[in-house]
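Look for chain A in each of the two complexes below; its partner is chain B in the first and chain C in the second.
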Partner chain A sequence: MNSVMKGAGYILVHTPDMIMHNGTTQTTERIVNPDSDYLKQIKSHLRPYDRVCAYYPNQTYIGNITPFELAKVEGPWQDLEAPTDDRYGLFGEIMPQDEFYLLIQAADEFELVYLDKDFVAGTLPKLAEDPIITEYILKRIREGVDQERLKKMVEEEGAEGLYKDDHLVGAVRRAHDIDPNLSAHVMIENLVSKASSVLALLYAVKNAGISPEDVEYTIDCSEEACGDMNQRGGGNFGKATAEIAGLTHSTGSDVRGFCAAPAHAVMVAASLVKAGTFKTVAVTAGGSTAKLGMNGKDHVKKGLPILEDCLGGFAVIISENDGKNPEINVENVGWHAVGTGSSPQNVIASLVTQPLAKAGLKVTDIDYYSPEMQNPDITKPAGAGNVPEANMKMIGALAVKEGDLERRDLAAFVEKHGLPGFAPTQGHIPSGVPLMGHARESMLKGEVNRVMIVGKGSLFLGRITNLFDGVSFIMEPNKGESAASSVSSDEIRKLIAESLRDFASGLLESR
Partner chain B sequence: MSILNGKKVIIIGDRDGIPGPAIALCAESAGAEVIFSATECFV
Partner chain C sequence: MDLENQKRIKDLTEEHNPEDIVVLLGAAEGEASGIAAETVTNGDPTFAGPLTGVSLGLNVYHVCEEEVKADYDPEVYEEQVSMMEMVLDIDEIAEEMKAIREEFSKYSA
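Presenting the complex of A and B:
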């Protein structure tokens, strides 16, 4: 019996100051070309928090607008006003930067994060109003230090600053004097990833309607690495995140695979549950500071706001079959193998047509594909095109080649079975999984029958292999069999024994 | 005759489009000499 997806959390964090101080496009520019026009122009291209909340793709990501509704709104969306600008959505929220700095401190176990005392006093009551934030998290936030202490940390002790409207309000210190793996730069990246993952995980647990103690295993699938000089990628963001989220009965591990990691992690989680190893597994990932403003130069050049101004996070809860929630079909997954090759037709065949053939399905039997859900507002001005649409065209082209589709129907196929990208370009965050929350809602309402989640990963970026990677799986409505309602082998033996006893006693009576 | 025949080519492939090795095979089959081929991720 397949395991089910019980709930999801999707969060964004608006981090305008982190674009300049932590995004690699900007930090590189500050080293290479410190007087550049780009650096001077950034400030006038930043969006205020209310504009970020009123942005169509962001409201779609947190669940207040469905991707099916978004598909009816012609883009680009950056100049439009979404019908809602709520901070909170069906799946999560858009947290402002100042509150998130407190959450970073709550995620810190080694007194590396220091905040200005006036900043803490002014921001803590705001964070306390967020209904998802637990007492445990609030209690972890310390009173704060004075400005002079913070300045000394940043100017003399190599700490990374945390800024609000260019004012220093916090610092993240290095965790070792000489180990580059524990530098302030690495620590801020890792703590930001952990803190945003905690937020997504809290929402996933709440939305799944389970207790935090129900989660037995937590898999982190972000793109960061934690460890020291003797084990650079030692890891276990999963368990570290579960600790802060209050999942006291959970252990965990990390799954890595660049942008494909979330699809790998869901596949592993669904298999662990189906195998009976664990009853409930959480898959979670936080955001990446490095990618903030990644395409900022192109956006500024074209007079656009810097649209990569949010961290993204997601989490899903996979549990044993309850007879209700959508199933993760782990028997017909697709994977790009070492020997698959890199031609587009081989890639799409391995990820789409081969698993469908194994399941006895055609390309057109999938209602919606979720290949790479990058927001085209971000990628098109940067010259990377409309990524979800490009992937859909490739799937459609292969369907024509396989004879599942007439060539003349290709454009209609892309429109009918594809959806617009609505996820921030945070690497692993847009890779297939953004649709899972919406797909679950639509399946529970009986509006959608099958979706295919496709994760793709650029392994070659690590310069350890030249290979590409990808995996895919199908989500489908529950077949109505729950683990609780099914009959175990012990029960079958009992039933047979009872029948045999009845039969034997019937024979005795007939004598 | 192929326009690539005898030419040296530099290839930048796209993870979500046509990857470098696939373009390289086409270019080589058309008589080109591939002097650099890479696939990049633009997202």
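Presenting the complex of A and C:
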């Protein structure tokens, strides 16, 4: 019996100051070309928080607008006003930067994060009003230090600053004097990933209607690595995140695979639950500071706002079958193998048409595909095109080549089975999983039948292999069997054994 | 263009005769193809990589351009590229590539 997706959390954090101080495009520019026009222009291209909240793709990501509704609104969306600008959505929220700095401190176990005391006093009451933030988290936030102390940390002790409207309001210190794996730069990246993952995980647990103690295993699938010089990627963001989110009965581990990691992690989680190893598994990932403003040069050059101004996070809860929630079909997953080859048609065949053939389905039997759901407002001006649409064209083109679709129906196929991209370009965040929350809602309402989640990853960026990677799985409505109502395999074995014994004794008697 | 790829192309031009090198691109659309082609001819237009200010003038084509298509084994082309021919706007890509070659390539035929 397949496991089910019980709920999801999707969060964004608006981080305008972190674009300049932590996004690699900007930090590289500050080293290579410190007087560049680009650096001077950034500030006038930053969006205020209310514009970020009124942005169609962001409202779609947190669940207030469905992707099916978004598909009816012609883009680019950056100049439009969404019908809602709520901070809170069906799946999560858009947290402002100042409150998030407090959450970073709450995620810190080693007294590495220091905040200005006036800043804490002014911001803590705001964070306390956020209904998802627990007492445990609020208690972890310390009173704060004075400006002089913060300045000394940043200017003399190698700490990374945290800024609000260019003013220093916090510092993240290095965790070791010489180990580059514990530098202030790495620690801020890791703590940001952890803190945003905590936020997404809190929402996933709440939205699944379970108690935090129900989660037995937490898999992190972000793109960061934690460890020291003796074990650089030692890991376990999963367990570390579960701790802050109050999942006291959970252990965990990390799944990595560049942008494909979330799809791998959901597949692993669904298999662990199906196997009976755990009853409830959380899959979670936080955001990446490095990618803030990644395509900022192109956006500024084209007179656009810097659209990569938010961190993204997501989490899903996978549980044993409850007879109600959508199932994750782990029997017909697709995977790009070592020997698959890197040509687009080999890739799409391995991820889409081969698993569908195994399941006895055609390309048109999937209502919606969720490949890489990057927001085209961000990627098109940067020369990367409309990524989800390009993926849909490839799926359609392969179906034409394999004879499942007429060439003349290709455009209509893309239109009917594809959805617009609405996820921030945070690497692993857009890859397949953004649709899972909306897909669950639509399946529970009986509006959508089958969805295919496709995760792809550029492994070659790590320079350890030249391979590409990807996995895919199908989400489908519940077939109505629940783990509680069905007979277990142990019971079946017992019944068979009993009837064999009866049969054998019957044979003996007849002799 | 990826900074590491810029470095690899630059290294290749130091190892081999630049006239004998052809760069083949697989970018998904015209503008991206143009930027990559400009990088290996006139220099990195984003001023970020090792080819910033380095005008290699290499011969550069997109894999879907007619000029190079005839050189492939048709079976390999069918298996590796034909699906993408249905997906890509080849006219747009070819136009962009031709313009860059004419302006910056020192060795194109």
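Note that the second predicted complex is superposed on the first by the 488 of 511 C-alpha atoms of A that agree within 3 Å, B and C clash if a C-alpha of one lies under 4 Å from a C-alpha of the other, contacts with A are read in each partner's own complex, and residues count from 1 in each chain.
One rule holds in what follows: a residue touches a chain if its C-beta (ideal position, glycine included) is under 8 Å from a C-beta of that chain, and two chains touch if they have at least 3 such contacts.
Not measured: the values here are computed from a predicted model.
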If you stack the two complexes on chain A, which partner ends up touching A:32: first (chain B), second (chain C), both, or neither? second
Using the touch definition from the top, say if A:397 reaches chain B (first), chain C (second), both or neither. second
Between chain B (first) and chain C (second), which does A:51 come into contact with in this model arrangement: first, second, both, or neither? neither
Looking at the overlay, what does A:468 touch: chain B (first), chain C (second), both, or neither? first
Who does A:384 touch here: chain B (first), chain C (second), both, or neither? both
Chain B versus chain C as contact partner of A:297, first or second or both or neither: second
Contacts of A:458 with chain B and chain C, given as first, second, both or neither: first
For A:343 in the superposed arrangement: first (chain B), second (chain C), both or neither? both
Based on the superposed arrangement, let me know which partner A:410 touches: chain B (first), chain C (second), both, or neither? second
Under the contact definition given at the top, report the residues of chain A touching chain B in one complex and chain C in the other. 341, 343-344, 383-385, 390
Spell out the residues on chain A that touch chain B in their complex, using ranges where they run on. 259, 341-344, 347, 372, 374, 379, 382-385, 387, 390-391, 425, 427, 430, 456, 458, 460-461, 466, 468
List the residues on chain B that touch chain A in their complex, please. 13, 15-22, 25, 38-43
List the residues on chain C that touch chain A in their complex, please. 4, 28-29, 31-32, 35, 46-48, 79-84, 86-87
Note which residues of chain A are touching chain C in the complex, please. 28, 32-33, 297, 341, 343-346, 348, 383-385, 390, 393-394, 397-398, 400-401, 407, 410, 463
